[in-house]
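Below, subunit A partners subunit B and then partners subunit C, in two separate complexes.
Right after this comes the complex of A and B.
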């Protein structure tokens, strides 16, 4: 693949992730508003917010690491995006697949949060420090069922690539969500933790921690973080769709599938108050972990 | 398009549109007027449909909403919060107490005129103003921003000595950090 074409396709892929993710965030605000019997902001409100944050005339940082943290996060998200097949057998979108990329992704997906932890620490705000410790604790919670679900799939199908898992679904004609239901349940229950929506919004917790790690980020830094949030949401949703729902053959199908999946953490969050940290970890180490174990047993013995 | 000093560039117009349609509000609940903020933000009056939403920290906020009387002690906190906000930033003075002292005008521990100490962009009068009035105040601020006339933060930068002199008259033990724009 020559470099010009690679640049073009990677920019297109990123732009697609940005636009879709931003609209999803807008729909989330709209749906929240409708559930609360409000009119709500327009669905494109998040674009306006990002433009506004980027047109701030002053942007304060407390040091190099805080300056770099949002960049670090967005770089990680875009790199992750490049390893995920957007469409089945697409020749246009970038997909740097290699043997073992599923294991690589498990590591890559948390690198952004670690960079953010360093940047938030430099701000010196106590709320950030509390938010970071909470975030890392919660990560121990949901990563375990999530990894177990992926390990179950890898054992069952003897492959460590996302493309391999998609091929399995193409060949058998059923989605892994039906043929490996326990792994799917474990991964699905781990998902609200990844999105950090209520009841797992213990990291941001606006009323309690003053938005936690991001409390010292204003202006263009906050804008970058919002951009990153929507790209990363898209990345996670596409990954789930690829692994469990057979991927998508065209963009419309992709948007429909990811949106349906996205509604799960959103709607759950709308009707739930916030957990405490230990409640959240206990939740993830309960049923999701149990389903993960069942998934591995199913993969090993059935 | 002629680009002399008077006319505004197209990028200014776009930026001002974005600023006006997305106001993150830091509500500083000093006075009794703060009780009108929850109904303004929640289901009954739903300020979010105009792009107005709460911000968690001063760093993220655009609008500082001063809801009512300011005690001499809280003035110091409010100044620190205001100076942490990123430009361009706006202040809305809320209730008669911020305009002339309201019913606390002869109190020993409140300030009377807010704009002696901080640059106010929009006043909302009433004691206390109803949510409709609050939203009308926000609409006024949005009009000013769109016209590029909400320049309180510039006034603060340019007349810093004036504001500092007044602030120090009230706050005797001045142990504030140096200004960083």
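Right after this comes the complex of A and C.
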């Protein structure tokens, strides 16, 4: 592989993910404000915030692990981004699309959270530790239906790669969300848990935990985390679009599809109060698990 | 030189070491060090040859199959590292000669098991291994009698089952040679097949702590000195896996009994989930690791039970890897115990400040345990998942996934509770980093864990050779990529290098930007709602931190196998209590017995005569 070309595409992809993710976060703030009858910040507010955080004069750290924590996060997000096809059959956005598969992505996507958990732990703030334990517990909850959905698709189409699943949708002309509806439902219901918006915002929980794991991070560290957050949101949305909605043939279509999908956790969050930790896990092990089982049965026996 | 010499040399050396410790502690330590260095040096240079001994008309055969030499490699590497580690770790303890003699006996026993080509010598060495490990479990004396008793009872059950199997096999096959047993197994009647294999499985299952035979493990792993537990949980439990692999693959998969393979796999899956749940709620780090070991051996049993090429490969890879990272983790616990004298989350926090090296190796081992890229644990997890998905075990894969995700909870607890969190000056002021001789073994094993993450091919070669003994010829493997049964591949180099490149890139940026204005502050200087924290306030939150999760899964945590065993033992006790009442020790009662006996005799004699 040509190194120069790879650098060009990977940096372009990352920049695209960053910009789109930032605007989505801005839209979320705007929508939230409108629903609560406020004016709200402009949609580009998050860019201003990131620049401000990076240029803060004073930065505080409690040790090496806390210094490294945002790096685990952002390395995870960008590496994951490299393994996800951005567009269908694109010759430009190839990156590392053909080098890994879904099981790898499943594992890679949690590496960042664990690195972050250790960094938050070193801060010594009890709120951070409480947030981390809640987050890990919730992760057991939503990962199970999400994995069930993926396993259902994998055994139905005899492939473990995203590219393979996209090819299936290209060949049949039907999106997998219609041909495997139960798997899609399970994955969709697991999605708010990944985004950690209300009612699943038990990790940050502004009113109880003072924003939880990130409470000891400020300045450039928080700036890195915010950059990472927008990239990772884009990663998750594109992954869903690739797997269930046939991918996108051009960037406009990609933005439209991901935005529609993004509205699901956002709008759900606007009208829901926060769960307790055990309620959250019980939610994911209820209907989503049931739909996941139906999805697997459909894949195995139909 | 024949193979048997190496075992006899180890046994002889064990007794010499015992005598050396009688003379002088330094001399004894030299003896230990010599064995630790000589064992791998001899093992990795000699050429194997078979050897036969005739005893009482029975020919006992010794020699390595390529499958056994895979496990022998693990035993040799781990034992020699653990022996080196022992020298500073055990320094202040007494009865060292006794400890090292038993340590070496169990190493010799394990080598003997792997060398045996017939069931009788396997059984003899199995017993040597069991007894020597039992003597180390009760090394601490009277207060661990109960733990030792539990271990002994379960080992005895396993041993009797194995002995019975050997007798039956000798009757049905005409001899006790392992290869001939495998060859004649398809001709057995189905009842004989089931009985002989299940008896063998019970024997092996006890050592590998498969549920429901695991009850002895948490206690025994916890109470032995940590330098031995590294071998106990890392290598000795793999002897059970060694036997189980032979039974599961050679007997079940190749003799058309896949349903029994499924039984082993399901036992493994359930073990993995439940043991992980139990590990999450432990407050003693040794207990946490003990339950974690039980769970990890469950994964291996799953791989062996499914019995496809990729799954057996994954099982063997995980077996070797578990030996390595659990070896490191037990050594880390030993290091902490050595420096602080404590092993409980309630007593420890913030060790990263004083023991950064120990933290680093623990981090590497934990990442490998959790199975996350870019380290070596991921390779095993990937192969295991893909083998399950491609062989239609889609419910079992969920169990394994649940167990691996739940494992993150105790992984985080281990690192956070011990090394991170609030740093208490009073606790930390006397703590310092471990001696170099303890660092070397931990550091070298950790390096191998990092290397196998990108180049697992280094260890695939012996595994592929071992697979040929199990009947999978010409297993293909590549240096740094993996392929499943559907032809989907995973390339480790691009993935890991990409991750590292991004990591290093941002590391430079985040370190350079505002470098001079970045201030390092203590853990008492935190955001706490405007209320300053005084030095004596301890806000470390690491005990019982998974309460909410406990509330979710409490329905299944109510049931313990142990209660079942306790009921059985209570029933037996009551049964014998009844007999004990007869011997009341009271002269009057005995007189009454005499009177009753005489009366009965009189009545009977009048009717009979």
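The rule is short, and it goes like this: the second predicted complex is superposed on the first by the 297 of 302 C-alpha atoms of A that agree within 3 Å, B and C clash if a C-alpha of one lies under 4 Å from a C-alpha of the other, contacts with A are read in each partner's own complex, and residues count from 1 in each chain.
Following the convention adopted for this analysis, a residue touches a chain if its C-beta (ideal position, glycine included) is under 8 Å from a C-beta of that chain, and two chains touch if they have at least 3 such contacts.
All values derive from a computational prediction rather than experimental measurement.
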Checklist entry - Thinking of the overlay built on chain A, is A:33 touched by subunit B (first), by subunit C (second), by both, or by neither? => result first
Checklist entry - Of the two partner chains, subunit B (first) and subunit C (second), which one does A:136 touch, if any: first, second, both, or neither? => result second
Next on the checklist: With both complexes overlaid on chain A, does A:94 touch subunit B (first), subunit C (second), both or neither?
Outcome noted: neither
Item to check | Larger contact residue set on subunit A - subunit B or subunit C | outcome: C
Checklist entry - Touch check for A:203: first (subunit B), second (subunit C), both, or neither? => result neither
Item to check | Which superposed partner A:187 touches (first subunit B, second subunit C, both, neither) | outcome: neither
Next on the checklist: Let me test your reading of the model: by the given contact rule, A:159 touches which partner, first (subunit B), second (subunit C), both or neither?
Outcome noted: second
Checklist entry - Counting only touches as set out at the top, which of subunit B and subunit C does A:219 meet: first, second, both, neither? => result both
Next on the checklist: By the touch definition at the top of the document, which applies to A:48: first (subunit B), second (subunit C), both, or neither?
Outcome noted: first
Checklist entry - Taking the contacts subunit A makes with subunit B in one complex and with subunit C in the other, which residues are shared? => result 56-60, 210, 215-216, 219
Next on the checklist: Touching residues of subunit A toward subunit C in the complex: what are they?
Outcome noted: 54, 56-65, 67-68, 70-72, 74-76, 78-79, 82-83, 96, 99-101, 103-104, 107-108, 110-111, 114, 117-118, 121-126, 129-130, 132-134, 136-137, 139-140, 143-144, 147-148, 151-152, 154-155, 158-161, 164, 210, 215-216, 219-221, 224, 276-278, 281-282, 285, 296, 299-300
Next on the checklist: Per the contact definition, I'd like the list of subunit A residues that touch subunit B in the complex.
Outcome noted: 29, 33, 36-41, 45, 48-49, 51-52, 55-60, 127, 206, 210-211, 214-219, 222
Item to check | Complex interface listing, subunit B residues touching subunit A | outcome: 14-15, 17-19, 21-22, 42-43, 46, 48-51, 53-54, 56-62, 84-88, 180-181
Checklist entry - Which of the residues in subunit C end up touching subunit A in this complex? => result 350, 352-353, 356, 363, 370-373, 378, 381-382, 385-386, 389, 392, 394-395, 397-398, 401-402, 405-406, 408-409, 411-412, 415-416, 420-423, 484, 486, 488-491, 494-495, 498-500, 502-503, 506-507, 510-511, 513-514, 517-529, 539-542, 545-546, 548-549, 551-552
